[in-house]
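Note that chain A is present in both complexes that follow, paired respectively with chain B and with chain C.
Take a look at the complex of A and B:
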């Protein structure tokens, strides 16, 4: 079988080398406040899918602030780093989601045209009028690092009851985050490989860390074991989705929700990392090699358009 | 695992769409924007610069405009006047400066000359002071020398005077001594005359008595026919005279006979024959007094025999030992007559004292048999050896003082004078005359055959050389020339060490032949005088003439020594 030649390392390397072309355009009202003769050109960047927007927020602000040189010293003016926010198709983008997740979730479902190509992803940069009620201000890098570490610990708690992450030293945590920032594949996976090991004499994780995102809904996260002991078989992606959707519908029904979720998997496209993996893929393998750097499987369910 | 493959393919496709297509474009776009922004910056800077320059320009124009208001011509004139004045001033100042520099140059030249003069004067001054100092020193030293010389002169003068006095004294004494000597001599001659007269009278008396005896005995002998007793009586008379003479000596043989008592006769027959030891005899020699004979031979001993002239007996007095091999030659010293020198084939010469028969010295140093040795003086001995050298030995230091390299075996040597000049005869047919001052031969005389012996007369004028061509040669020493050659049909020189001797008055030459005969030649005419044969039975090795000339002693190889006389 030719598929045996595919090494798991090839897949993780391909994942790591993901890039999205993003075009940052200044908003119209901010454009009018530019006090230079030239208007700023759009900023094009190739960003990694598993990175976070706060990592490049300094860069974006530095680029646009050159056009507001005179106004920055004016305190009454609202052009400052704290007021910077990003928007796509009128949706303010959440800071703590990985860029790839945001792209998959919003472009697939909100495209006005039916064509596939949404690239380069055009994001509008706002420097004023921060939407207070929709978005949390998230200005510096240390905060995103803390968020990353928290997510990582949560994942390990699900997988190994937190044993492995607790045994690791602080410099290993630092190395994970820094290699993520500096795009160092080898350094990252040197530490990450420890988090993918097994404990308690199990050949699999205790529970799979995953979140399922559907548009306009908060994400879904359940306890799910990758191996069924009674039936003595490995769980697949299909099993996980089915279980989660059913469980969610039950919760909705209990809560007397008006609109019940459609739990037919046929109606959805399953997207992880921008690709649609086969539904019979073993979930244990996906968790080990197909997770995001924060060790979670962020799965997007996109409803198929009604024809 | 086709799900893996599917996932991988989808990932590759995704990357291709999302990344590969846009990566290059975004990079180039970013670069363009950077360039654009830098150009903008430069543009703004340049605009700023232009603005400032324009500002400056307008400022300058304003300034220039403000100045142009004043009347120009007057200003120009005044300026021109000022300028001309300044120029003139400058010219005069320059001229003055030129003059000043000229003065400076000349003055400096003067200064230099003065300095040089001063310097040379100083040098001269130094030299003169140095000369002065040195002259003073010389003067002092000369004065010192003068005073010293004066002192020395005085002392010498004093000494001279003292010596003069002493000399005059000694002169007087000498005169006195001469007078006394003359007186004593006269007395002595008178006494000797008296003695002679007394002796003559005694002799006469004795003769008278003897005549009476003879007459008596003749009468007695008329009955006997013993005519031979006459001759015995005749010889005993002469023997009694020598006995009287010998009675002067008190056992120690000191006196050497003067030429007054010498009376050389040709011996006619053998008087005494005796055997020495039991060996070959190589050397025989008379003591200068004539009363002792020394023989030496292969028994390694020197036998001293006393000659009793009364009864013509020869008695052995003592034997000198010490040699380790055959004795080749013997010599007595002529000055004090109490040392005997024997050289032997054990490479050494030995000196004994005659009075105490004690071995005084052993002179070693030769490398081969010593053939001959002679006393030059009582303390200087010359020896010649088979090792082709001659050595001079000093008895006081007991050392060899000179070594003469002759180049050929030395068979015999004689001392020419007391300073050490020698004459030696060699195997290579040469007679060498040696100089006393250096180690070289003064002269060499070539003969026809090897020289076996040399004999010199007392006045050192004639040299007799015996050579292997069976001849004897008489050499006159003033011109080193052979004046006579002696030979005889029966005379054969048998070995390299046959000795020939001159008689004490040089009238005769004597040598022994290999058939046992002793030959005597007359030196004046070179003819044979006598042949004494039938007594020796083998080669006659050596002959010696009695110092008074009355006897000849000869020794032969077969241990027999014979004394020949009247």
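Take a look at the complex of A and C:
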């Protein structure tokens, strides 16, 4: 795989800087409990695609809680930070998925036409009636950091048998998370570059950390090597997708599932970071330059609508 | 987990389509205690691929009679290194991290490898 050139580095910087304009609107239910004369205006924020919603829910809560002065400690009202949850088109949003992933997966899948712009992304803020069975409560910042770190460890387990992250100092781990929180690209990549190196005399990662998301299905994750030794060739995004879909279909058939996944790649749009990368892209390259800060390639497959 | 069965036959470990003679697709995994957690009598479990880590955690909390009032937590670890997200399927964990046909998960009441 080529050593990093100026152009490749530019791509990681572009990705780091990508933002989504989001419009947070209070739910009708909670709107009715507001005890000020004026109703809350929607809250507009530009958020990093690779960040997580819990990183800013205190900000959201502070904004809306000013409209409930006096009600906050009222037990019957249950308006509190703990009960805050976000919804898009009746779907409660998972707190542990990066913001960009949620946007790509849900706005592309639920639109009737791909040309309709979904920006700003309109999200409903709920301050009550937390859907206990569908969602874990938005945890605190420490929990998000723990989630980020464990995901990073899993990625390194796949790439390097965990050797690189295991050898890192705790302060390096902290630097990764803090730079993500504080939006510091250089500080982040100073450490992250170590996780992009090779071990064991390989010229590539042992396995690629990736997850494939299709609406209404649990994500798919498999072992996939970026290089085929026997055929002496680099595996592409297409190869990874075909392998994953075929394997998944095999599993479904063995389990006698009634509905079998469509494993024809032509049936899907493939989206990472809001763009459709060429399917012949080498997967090793994508893993090094197109992963999220958690070192995973989060890939959305959006089924093409029947026309 | 009403679908859990005690598969005492070590020769019938199944971990995916390539190694499955009976047409089933359950993932067999071993649970090992860590960080001073109580040791389970039953160590070998089997579940359909689509069950999530979260499902296993909730089941174990009840099975081990953990105190929900005190919000006692249970952590599951893979490779004694990381905790998969609760919505990860046991099938994915098995496909990626089983070793020589066996998947081992460590459980703890505190963050043993946080």
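Simple rule for what comes next: the second predicted complex is superposed on the first by the 296 of 307 C-alpha atoms of A that agree within 3 Å, B and C clash if a C-alpha of one lies under 4 Å from a C-alpha of the other, contacts with A are read in each partner's own complex, and residues count from 1 in each chain.
The rule we apply is simple: a residue touches a chain if its C-beta (ideal position, glycine included) is under 8 Å from a C-beta of that chain, and two chains touch if they have at least 3 such contacts.
These numbers were taken from a predicted model, which means no experiment stands behind them.
Three-chain overlay on chain A, with chain B and chain C fitting side by side and no clash. By the touch criterion defined above, A:193 lies against neither chain B nor chain C after alignment on the C-alpha atoms of chain A.
By the touch criterion defined above, A:220 reaches chain C but does not reach chain B.
Once the two structures are overlaid, the count of chain A residues touched is higher for B than for its counterpart among chain B and chain C. After the superposition on chain A, the angle chain B-chain A-chain C between C-alpha centres rounds to 110°, nearest 10. In the superposition on chain A, A:10 makes contact with chain B only, while chain C stays out of contact range. Of the two partner chains placed by the overlay, neither chain B nor chain C lies in contact with A:202.
Smallest inter-chain Cα distance, chain B versus chain C, after superposition on the shared chain: 29 Å.
Once the two complexes are overlaid on chain A, none of the chain A residues touched by chain B in the first is touched by chain C in the second.
Interface residues of chain A facing chain C in the complex, by the touch rule stated above, are 94, 96, 136, 146-147, 150-151, 153-154, 157-158, 162, 166, 207, 218-223, 247, 250-251, 254-255.
Across the complex, chain C meets chain A through its residues 16-17, 20, 23-25, 48-50, 52, 78-79, 81-89, 91-92, 95-97, 111, 114. Across the complex, chain B meets chain A through its residues 1-8, 10-15, 17-19, 21-23, 25-27, 29-30, 33, 36-37, 40. For chain A in complex with chain B, the touching residues are 1-4, 6, 10-11, 14-15, 17-21, 38, 41, 43-46, 66, 117, 119-120, 273-278, 280-281, 285, 290.
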